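Let me begin by handing over the structure; questions about it come next.
Order as written gives the chain letters A, B, C and D; numbering starts at 1 within each chain.
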Amino acid sequence: MDDALLSIENLTVTYDTLAGPVTAVDDLSLAIGPGRAVGLVGESGSGKSTVAGAVLDLLAPGAAIDGGRIRFEGTDLASHDRATRRALLGRRIGSVFQDPFTSLNPAIQVGDQIAEPMMVHLGVGASEARAMTLERLDEMGFARPAEIAGAYPHQLSGGMKQRALIAAALACEPKLIILDEPTTALDVTIEAQIIDLLERLRTEKGLSYLFISHNLGVVRRVCEEVYVLYAGRLMERADTDALFDRPSHPYTRGLLASLPRLQPPHRVKRLSTIPGELPDLLAPPPGCIFEARCPFSAEGCDRPQTIRVAGVRQMTRCHRHAEIAGEAWPSRARLGHDFSRKGFGDALVNVVGLKKRFRMGGLFAGIKLKPGLPPRIVNAPPVVKAVAGIDLVIRPGEVVGLVGESGSGKSTLGRLLLRLEDPTEGAVEYDGLAIERLPQRALRPFRKEAQIVFQNADSSLNPRKTVGETLRRPLALFGIVPARERAKRVGDLLEMVRLPRAYATRYPHQLSGGEKQRVAIARALATEPKFIVCDEPVSALDVSVQAAVVNLLADLRDELGLSYLFISHDLAVVAQLSDRIAVMYRGTFAETGTADQVLSPPFHPYTLVLLASAPRVDGSAMPDRSALLRDAAPGAGAPDGDGCPFFARCPSRIEGTCDELPPPRRTPAKGHAIACHLKLDALPTRFVPAAPAMGAAPGAVASAGPE
Amino acid sequence: MAEASVDLEAAPIAPRRRARRRPLPSSLVAGGLVFAAIILVAIFAPLIAPYPFDEMHIRDRFHAPSLTYLAGTDEYGRDVFSRMIYGARLSLFMGVLATLVSLVIGVPLGLLSGYMRGAVDEAVMRILDIMMAFPPIMLVLLIITLTEPSLWKTSVAVGFLFVPAIARLMRSVCLDLAGEEYVLAARARGEGASYILLREILPNAWPPIIVEGSLRVTFAILLAAVLSFLGFGIQPPAADWGLMIAQARGYIERAPWIVLAPGLAMCVTVVAVNLFGDGLREYLDPRMSARRG
Amino acid sequence: MIAYAAQRLVFVVFILVAMSLLVFAAIYALPGNTAAIMLGQFATPDSLAAMEAKMGLNDNFFVQYWRWASAFATGDLGQSMVMERPVAPILWDAMAKSTILAAASLFFVAVIGIVLGVVAAVRRGRPIDGAIAIFTYLGISVPEFFWGIVLILVFASWFDLLPTMGYASLSDGIGPFLAHLVLPVVTLTLTLIAHVSRMTRSSMLEVLQSNYVRAARARGLPERRVLRHHALRNGLLPSITVLAQDFGWLIGSIVVIETVFAYPGVGRLLIFAIQRQDIPVVLAVILVITAVYALANLAADLMYAYLNPRIRYGRSVG
Amino acid sequence: ADDLTISYTVTPDTLDPAKMKTGVEYAYSLLVFNGLTGYDDQLNVVPDLAESWSASDDLKTWTFKLRDDVTWHDGRPFVAEDVLATMKRMLDPEVGSRMRVNFELIEDMSAPDEHTVVFNLKLPYSTFPALFGGYQARIVPYDHIDTLTTHPIGTGAFKFVEYLPGDRLVMEKNPDYFVEGQPKLDKVTMRIIPEFATATAALEAGEVDIVWDIPPEEQEKLASSSVAHVDFVPTGSWHGIIMHNEKEPFTDKKVRQAVYALIDKPLFAEIAMFGAATPTHSPIPPTSPYFDKDIPIGTADVEKAKALLAEAGFPNGFEQTIYVPAESSAMERLAVSFRDAARQAGITIDIQPIPSDRFFSEYEGKVPLFTTNFYGRTTMDTMLYPWLHSSGSWNNNLWHFSNPEMDKILDDARITTDEETLAGFYKRVQEIVVEDVPGVVVYQLNHANGVHERVEGFKSSPLMWPDLRGVSLKN
């Protein structure tokens, strides 16, 4: 494969840890031709990011390439000196790191970080680079690129940062782009838009991708060819369709089986998983590395393995691939409890009229000189209404799914519920206690009961504490278990989130993205809470771990009556777990209702877009989103007045009404509310644009739908 | 509970058996050993020093280094080498005590004001501004005149002088760290300010504290010298490196050894303390790996 | 932010008031007074009494303070009780000279210190790292007066390259002006550089491990740019604190430097005044130093906010 | 032009001659002002602004005739009114002049004409004219007293130009100086160089011409210099170890004698002053004709000291702190030597340096044990009376010594003009001092200046005054 743009041959990478060397990538070969999109999937911790790091020569300290060659455009990268190799980056090889939260320099405006590589590599001037930056940001679906360019990273939501990073990677249109989980923080509409963009760049400009993702739906959409990694070893390699339709390796099958689906009935079924966990990489088994977890394993599987051909352009590392061909992953799914009939008790969390505003921009943003004698300085920084009036009730044992566009205020809402942020306006009650104005000290009992899994696991873990210390603390703080049992409990918690017990001695920087995420989940569970705000808790997890975690959360809910505010952009996951779903748009709820109500017609026009944009693993075609959305960029909203926030993008908008008056609440059914000026019968019902309902009376009250 | 937690018993307890200890950085070892040696010398000064620190051999004044007087003699004919050894006591005492005082007060103060922000921060910082703008000489003078001066008082005073500097540094570090999400996570857990400060923020703030602390030891020793220079020093004939240098500065040309010996001692101490600090900082950083890429 | 800065500026005034009270009280608390010191051994009860009466030293603390403060507020710095000359010209003269010295030293300390710190961090563990460490530690291994004297001996006495001591005004020509500054500035720089450079090294080490620096490298930015543009901005925060602090330390060191180099600056003026308990001079000098120092810290605080946008002073919106 | 630079370690506190107390101030005032009288090299009183003087027989009325050819630097002629104004100030306690006590014996004064001044004294005083040669007794212009501290005007050889505190004091030639041929220099700059190491380096580099009052430890450096040398002269100034006679344990004469016995004066002079000093018994310097060479200069006698201590009830010695002015390294060495010597008799001494200004106002004369220094005086009476007479001003500030015989001798000496009798008196004074030990005057200092080779005509003066009037520079 000498015409390959990038070819990796027999790459082996080890990390030096206190416990001994960990082989994170073992004898991996991989090739990417020009204009090709190659996927790299696999369980969290299987070495995907390590491969990316090796190609970029940016492995963490303590990592060493113990074998193999990496060639780019025919030359061995190891033969370049540092500077030459560095010069390739950005210009010829672009990259998006897995963690969008820490990959942007907190002290530099986002726009400058994107413009910088252009100025360095393309030699363009500052103003030209700026113009190009705005263009890139525009492509990324930002409504007001200039504002984003002027913002600092901490002022952006997770998805916004991720898009900014993708924009930076694309800045110089490199030949090869390594995308490490580029869509974890993106909501489906933006994800779809970015996937479209990537696709266009590939076909038009011949870019190649190494696409690392656990999101099989996205992989199916983007990639032509997929490599499946497990515990550092290549398990299977195949063209996309072949892989998804005729997976040859048991592990691949397990992954596919773990996927949640969007079809009803929701929340009553458990996801199927791959039981067990990654093998101990300190001492990997000599034979099939997957054997311990493989339902098809048989005698002889403990023999050393080589990779072999399994079909057309398909290779697999399984002794028994021929024998088991066609056998389905055994579904051990059992039904979960169903509380729907019992109903829930009184409100656990009760939110009324909640609002939160932030100011944007740099040190001097918004400072203007007001003419006059003497001239006055006025300080009127631009303000973002992150949460713009939310009413919400969460009852014990209830899971409220929160979906919505990136930057719509989901994380902010979650933080407000836990008083991690002081609301600008409105009330938050927890178990009858008004927490929004209580002093921190009085919140202590509340803190034990209400926990959060942060969207960004990496920065939410103290870099100087081992996993064990991190997990032990809540146990000690709330006296959950006596001191001598804590070590064991830490181990239990780790296992609950599918991590080896030995990880207790690791520091966060020694974990992969998904592993950190799981530690964060374990930490939230450690306090034995009653209510957890889960902010994208599974976004960094591969489907099998995701399934395990979702099942775990579901079990806890069913057995202990836990409540969750479950924030995710993955509708299928949300559907799987939630009793009710709230669709958020620009700080307000566009639609709320039970999972079934929200996921079936009538839809809010925005909900419809979300559903239509969700990637499908079955390979079915996506509906034409352009019919569902106006050209306006995501996040574009009504002009500052009271109008509908979705106005600018809504294909069914009513000029003169939607842009001026706040949308009324329509309630097609009990517990189902849609904030829209459209009359109930005018609301879209299928994935096709509804005809704009002309002359709908503003504020008309819809009758309650059939029960 | 969940199926994920089955067969717990089968799972091996965390494999401590193979865990090896992080290797000590060489700077930590080297600096630590030298510093320990200096401390030992200080403790056992009477046993090591060939002469009492104040014994005069007036006939041998300004004697060049020789076998009798390893580092020569000073203007009274006292053995410079012995004085240097005794000097370690006072200088280290001063340096270490002053630094401890400043750290013990300054670190919590800085942490608090950086974390509390708002009114507490402003109040603490403005008070420190005043403290810091208060000229050291003035303070020392106050102490000397209001009370009979003594080494430990001077050390404590110097420690106080250093408080604002330490506190300000801590505050700036803390301002930065307080914005980290793991701090937010601790707050979400309902941790009190003291835990957050001591267990979440402080461990990440060690590097600047260590660097600052080891430099402060040096500065305190130097300040003692400067005080001697300005006439507010240790009582003669006590040997203190700073005082030795201050008093011998007039003989730099005639008898350079009188200055060089304590200078060298200070130099070694400074390098050892700071090397130790560098090493400690490295050792405490989990991300610094023994193996470098 | 502007409002915050304005607020802080107002606060500087408060600091000055507090400081003046403090100093006044301190001097008041000291045994003896200017009259006693001026008369020294020769004090006879009648002359001491007469002199105290003339100087108003017998008045109540608040009367004395008020007398001084009301004049000070109108810009009258008063008269030196010892020298019996107006304080203002003496103070500004000394201040101007010290400022030149301090500013030049601070400049070199900042530039060289930061550069050395960055180089040491980037080359961590290499020989150059060690060499920089030794060099910077050498500067603080012996007191500044020692370096001052050695430098004088070597450069002024033995090689006769530079003037030994003193000060030349700009009107004496730029050459002599600079020549007189070289040795004191070098000495001060030598003693201060360790602090800045070690702190810079430490914070740079931290920053260099960060993900965003890795990301910047992944964008193919030349290492220089990564360092200067990405790492330094964040790594500089503690260095700024240290520089602002060293400003205070500098004022202490400057006394020594001024003594060794016979440089007529504000440090020696202060010592002179303190030793004689010359209240108007002590107060004027300390207040000016305090003001400068408070402004330096204000500048440092604003600088943080500039370098680290996550830090916001004042209240958040809403 | 002939510009001479002379260095001092401290800056003048004041430019007002009446209030002066340091060497740098004296040097300036002696260049810019004149007294009525002055001293020659042998410390004989000679005319200055006064041409001549005469006393009444009872030594109580003194008449001074003033020169009529003297003008102030602003051109106004010098008149008797200037003298009266000066002396009035001198006696005003508000001014706080050091010499007020000396002049307090003036009953009244008058100016019969423009060039005559008459003083009536309260008591007879034989050396009254010598007082006018004193450092503070400079005559100032009656019409410019207000500006004395900012722009002094005098009659001296040099005119004041500018004073930059902490930096320099500049004076220029007074072309109208009343002594023919003086001054020779065009300009004199007094530079303040606090550090002697710097000053000597500057001297060698030619940046200064004279380093005033160079301490013994610095003199060595110049010994090998090719461009400068040390010029020195013995003085009447002394260093002493002072015991407060009214404070324990020094109330006991035996203790004082023990201390005296411990002090090896030649050794102490060697250690403290590197030999640039002469051991002595009393304020009377060895250079004086009255010095008693027959009294042995003590070398230590530890056994005797121990015996005395035992008799006094201190067989095991005692503990005591000795205070020293911090800025003087020589006195510190003196204290260190004393500490070493005292230890041999079991006395434990703590040395406590105190910043000078504070030392002189707070410690000296108030603590039991301290070291101090005194400038030499010009007459026997001023040298002895204040220190040893029980009503003497210094005595009350120092050792609080009282001996009736001593009082009588000193009183008598004041009204005696007969040399023979005086010599007898002063011999007895020295004997009493050694016997009774009010305190220990250890040695008389040399006054030394570092002088650049290009300076001509400079001679160190026992009054420590750098007389630059006749000095010139080689080119």
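Here is the rule we go by: contacts are C-beta pairs under 8 Å (C-beta built on N, C-alpha and C of every residue); 3 or more make two chains touch, one makes a residue touch a chain.
It should be emphasised that the depicted structure is a prediction, and the values quoted were computed from it without experimental measurement.
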item: Each chain counted as touching subunit B and subunit C at once; value: A, D
item: Chain pair with the most C-beta contacts; value: B-C
item: Rounded Å distance, subunit A centre to subunit D centre (Cα mean); value: 90
item: Whole-Å separation of chain centres (CA-atom averages), subunit B against subunit D; value: 47
item: Centre distance in Å when subunit A and subunit C are each reduced to the mean of their C-alpha atoms; value: 52
item: Of all residues in subunit A, the ones touching two or more other chains; value: 61, 154
item: Numbers and ranges of subunit B residues touching at least 2 other chains; value: 141, 145, 179, 249, 252-253, 285, 287, 292
item: Subunit C, residues touching no fewer than two other chains; value: 31, 145, 149, 153, 209, 259, 308, 310
item: Touching pairs among all chains present in the structure; value: A-B, A-C, B-C, B-D, C-D
item: Footprint of subunit A on subunit C - complex, ascending; value: 1-3, 209-223, 225, 229-230, 233-234, 305-310, 316-318
item: Subunit A - residues contacting subunit C, complex; value: 56, 58, 61, 82-83, 86-91, 93-95, 97, 99, 102-108, 113, 116-117, 120-121, 152, 154-155, 165, 168-169, 171, 356-359, 362-364, 367, 377, 379, 381, 383, 424-425, 458
item: Of all residues in subunit C, those that touch subunit D in their complex; value: 31-32, 35-44, 46-51, 53-54, 82-85, 90, 93-94, 145, 149, 152-153, 156-157, 160, 163-167, 259-262, 264-265, 268-269, 272, 275-276
item: Interface residues, subunit B side, partner subunit C - complex; value: 122, 125-126, 129-130, 132-138, 141-142, 145-146, 164-165, 168-169, 171-173, 175-176, 179, 207-208, 210-212, 215, 218-219, 222-223, 225-226, 229-230, 242, 245-246, 249, 252-253, 259, 263, 266-267, 270-271, 274-275, 278, 281, 285, 287, 292
item: Complex contact set, residues of subunit A against subunit B; value: 16, 18-20, 59-64, 101, 154, 275, 280, 282, 418, 420, 440-441, 443-444, 446-448, 451-452, 454, 456, 459-466, 468, 473-474, 477, 487-488, 491-492, 495-498, 501-502, 504-505, 507, 509, 520, 523, 527, 548, 551-552, 555-556, 559
